[in-house]
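Two complexes follow with subunit A in common, the first pairing it with subunit B and the second with subunit C.
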Partner chain A sequence: MSTASATDTADVAQVVEEPEGGRLRGLARLQVLQIVLLLFVTVAVFSILRPDTFLTLFNFRGILQNTSILAVLGVGMTFVIITGGIDLSIGSVLVFSGVVADKVMAAQGGQGWGTVLLGAGVAVLSGLAWGLLNGFLVAKGKVAPLIVTLGSLSAALGFAQIITGGLDLRDAPRKLVDKIGFGNVAGQVPTLAVIAALVVVGGMILLHRTRFGLYTYAVGSNAEAGRRVGVNVDRHLIKVYALAGLLAGFGGILNLAFFQSTTIGGQSNTALNVIAGVAIGGTSLFGGVGTVFGTVMGLFIPIVLQNGFIQINVQPFWQQVVVGAVLVAVVYIDQARRTAAVRGGSRPRLPFLSRSGSRTRKETE
Partner chain B sequence: MTTPILEARGISKVYGHVEALSGTNFDLYPGEVTALIGDNGAGKSTLVRILSGAEQATAGEILFEGKPVHLHSPTDASRLGMETVFQDLALAPHLSPVQNMYLGREVMARGLLGHLGFMDKKRMREGSRSAFDRLGATVRNLGGPVGAMSGGQRQGIAVARAAAWAEKVVFLDEPTAALGVVQTKNVIELIRRVSAEGIGVVFISHSMPHVMEVADRIQVMWRGRRVVTYRKEDTSMEQLVAAMTGALERVAS
Partner chain C sequence: MNRRTALVVGTAVAVLATTAACSSGSSSSGSGSSGGGSKTYNLAFIPGVAGDAFYITMQCGIQAEAQKEGATVKVQAPQKFDPTLQTPILQSVISSKPDAILIAPTDVSAMQAPIAQAKQQGIKVVLVDTTLSDPSVAESAIASDNSGGGKAAFDAIKQLAPNGGKVLGIGVQPGISTTDARDKGFGDAAKADSKFQYLGVQYSQNDPAKAAQQVSAALQKDPDIVGVFASNLFSAEGAATGIRQAGKQNQVKVVGFDAGPDQIKALQDGTVQALIAQQPATIGTDGVQQAIKALKGQPTTKSIKTGFTIITKDNLTSSEGQAAAYKASC
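Right after this comes the complex of A and B.
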């Protein structure tokens, strides 16, 4: 070896190694930290203003319950958005799955666990089917995710209304409502929250520890780079949309448990609320960056605000205004930092507006 | 002479109205370094993309170890032992050097965990570090995103990745374009080392001194075709420059 490369190797050896980190990921973490802080401050302010009603176990249980279903949906949405996609259909898929599950459970009869399990299975499979359809159209049909899922948003709700004639069904078995919708684990912890926590932890492990998670980031970062090293990008996209659909279907049975109704007319904003939570939580709509933990934090903010506003007698509608402002502010700050961190290249177009994997990020400057 | 490890015959490639390659030939022998040179737009990158499976030829034939092969994807080429550093590098900017190094070739954890999709991050880390050290690439942060690194660092990662996985052939499309003096020396060292292991190296560069330093043979392209092949000892920079600018063709026609 020449002296030049010997010195250079020495050079490499002496540089400090930062095990995990780096500026982009550091930024993502910084943003999550920011949101945790914001959440903490919000909770603190309301607690000081209304220590008697806000800062109570009863109230916190309510907040947890209200966030649970959104968190389950948020896990799937985080994966989709990291691939550079979007899924507008999850609210409708949730309704559709709830309707089909309700029908099946009513036909089966019975109020026990057997019926509940059957219903849950049916809901999950219905959601999975919609997710597979979304994924297939995005990956193989090369239709923009925004359009595909806008289509299934409309179609899934339409089917739900055709099946029910537009009237909500209310055939949730007693066990489902009592044990899951309003049940508690270990005395005071809502079962719904425990189930959501399990899904969230599962999602974190899947995203950060497994090959599935790595491919999710890779597809969102540079699909062409993945393809060239043998990652089956299309198949992975299908799996990711399938996961989002499956979780929306699971949300359908949880929704039935909590509201004892299929809430056909009540889910038109669900997907948008979840997307807002994902974005507030630091997942980039440009793909390649994001965390499940951030999403959960991002979802808590609107719920806590709404809850708190009611208690301090501010019209709860202000929550929507504040959340809108927070969303834009957070994403603005995030983008400004990111642009400063990654040199070169113009801002890419939002990927979910274009065909999947059609873009290659230029590596050369 | 032995059979070429890789040979292309009459390769054409048409993009819409542009004929990027018009029936070009190419050959590479085991353990040799061949430089592929030519003016901007001569078709070098296009030829490399076709030979490495990233794109398909409009017409022509590719032979690997004397047998015709069809390369439908870069994975097909990888399976034959061919690796490529593309001109656009093809790294995922949000992933770390380690993740880029092992993307598509993850080392899975042992036993049940591995079947569940868990990876052995420690082994991938160590593998990457030794690959980067071998190249002397100044990768400071094995865990940080590649997108935040300098052009030269990224190029170092792409070159190290190709060299680490190649068994028969490495394509390097302008691998030193963004590199510093020391790193360029290292890449040239690496090319020598790789070819000494019996691997054929295709080296594309606009730097004639580097070409003359490392290549055994030099194939010159002009307007989508290979116009001439020289052995290094039989040629000079002047002759190469003349061939690249189409002087030979003008004499011939």
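Right after this comes the complex of A and C.
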């Protein structure tokens, strides 16, 4: 905020708060409310069906732990999708960062905090590098985000397999596993969940309380208007993809802490699961609308469903069916509302399929 | 808008209620932890992957034995053989508070801490098939004696080629504990027999084309090879192709590992001449027995190694061969 003059910020705010924009943001808030309600009802149903096992401290700790890494990834993905883009590469970037961090920590030796910090730094930088590459190709190379990140999805996993020869590495230092992966803060709160909560709160502040966040909405809701009031759209897109990559890299070290293994084969659906959570949480794939809080709520739904289904002994395959149905139903309702809100306007196209993400805009068609 | 919200929530509730109703038929469990002689134990089984004949056969053994003991079994499997998918399933199963968990860990180190959590919650754990880097958290670890499996493969080659000769191993890739032990068991048995000459093991990287090249190259160098032990299905298929390329189908015998529907078909087609079948049903039966012993406070056997059955075309249709073949359903 500090370097922006008051008028600049006001101009950008106007881009975001265009006549229909205000209404859309109100709707986003409503949708978050709806998803909180859905989550609450899901928890209530399982609690009634299995009161003695579902409503336990151990179970809620498990649900929190299993959502934590996805939540860290979800923060970055929310920013990317608000710009009207998409990032399919985060699962592979997570694996790549975990592999590089594992190699560096093994070379360094030691089981203490020094090695852990070194590994975390290396993982974050590896993720950042992939994010910068994605962002540069999207913003400057004008390649559609879907294609760019599909490419890095494949390439990052390929590099991880080249480095490891396809076999998982398991050199996580003991401090990392004992204190972060399975450690607790203040008694019974999993460290992993605390770290994820800090990232989520940081993401909320960044998105809703800073110029960076305002520009993210501006780029996603009307890139051309943003450019005219002085937003450097290309540079901002690079920053947003870099943030997503950085958080994926951070997810890599958390993943190493939790699984003590680089899980090369286990992350092929991670990006899609995170995108589903972002969409369920009310962030529009058309860009310009969304919240980090909604994403976190959206990520909880599949995890709670899987947990509950196992407890009532339903085949886990059903979880996928129900999550798919919830995803489409929630987005359909969101879409119907949005169309009603911008009545008269044409339906927006999916911008991440177009030449360069956020550039295409219904007004300019 | 409120009506729409209500619709979503209502649909979700309906779906949940329906699936819950479906499930209520499949298990009737008496929960609670009251003691007593006629206590019904609740067991949970978490295989390495869903829809695999080896684990399905193990599940059949577990369910049959549990029924005998008057225990109930719930089965929840990950969709891939991967710790990232197995961990959340294990955590949910632990939350549902079964008396004992039978699990095939998908990773020796990644599953260590999650399984230790089960023990902390007072649940008895039995490892079936695969194991952990520190198996002491479990009451018992039951697995095939893979080195013995390699020896059984050599015995099969001895049956098929009684006059002796050169033998070759086709492995998957180095660093997998189970297949490494099979290759080593095969090599040791072959070296110990003076009539046979062991040519070592080649790694096919699970690629049939590579296995074919390796076998045909080996046949160029040593035209008098009599037997090939391929420690998994793709290696066996590739080895058979390489032998056919060299026109030596009648001279070289291929012995494969495992007896799932694909492997049985390869045996029927004559691609392989013998299969070394593990005994997953026995692993399951032993697992239930050890779990129940642990629950009753009786001493358990920390490590149990199960044996193998050699299946050839001759005994495939016999009751022995039929019992050894893995099942696609109970």
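To be clear about the criterion, the second predicted complex is superposed on the first by the 334 of 365 C-alpha atoms of A that agree within 3 Å, B and C clash if a C-alpha of one lies under 4 Å from a C-alpha of the other, contacts with A are read in each partner's own complex, and residues count from 1 in each chain.
The rule is short, and it goes like this: a contact is a pair of C-beta atoms (placed from the backbone, for glycine too) under 8 Å apart; a residue touches a chain by one contact, two chains touch by 3 or more.
Note that the coordinates shown come from a computational prediction; the quantities given were computed from them, not determined experimentally.
When the two complexes are overlaid on their common chain A, residue A:220 makes contact with subunit B while staying clear of subunit C.
Of the two partner chains, subunit B is the only one that A:288 touches; subunit C does not reach it.
Of the two partner chains, subunit B is the only one that A:229 touches; subunit C does not reach it. Judged by the touch definition given at the top, the superposed model places A:74 against neither subunit B nor subunit C. Using the contact criterion defined above for the overlaid structures, shared-chain residue A:211 touches subunit B, although it does not reach subunit C. Counting contacts as defined above, no subunit A residue meets subunit B in one complex and subunit C in the other.
Residues of subunit A touching subunit B in their complex: 1-2, 4-5, 7-9, 11-13, 15-25, 206, 209-212, 214, 217-218, 220-222, 224-231, 287-289, 341-342, 360-365.
Within the complex formed with subunit A, the subunit B residues making contact are 54, 73-75, 78, 84, 86-96, 99-100, 103-106, 108, 116-119, 132-133, 136-145, 147-148, 151, 154, 158, 177-178, 182-183, 185-186, 189.
Put simply, subunit A touches subunit C in their complex at residues 30, 34, 37-38, 41-42, 45-46, 49-50, 52-54, 56, 58-59, 62, 65-66, 166-168, 170, 177, 181-182, 255, 258-261, 263, 265-267, 303, 306-314, 316-318, 322, 325-326, 329-330, 333, 336-337. Looking at the complex, you find that subunit C touches subunit A at residues 1, 4-5, 7-9, 11-13, 15-17, 19-20, 22-24, 26-27, 31, 50, 74, 76-80, 82-85, 87-89, 91-97, 107, 109-110, 112-113, 121, 173, 175.
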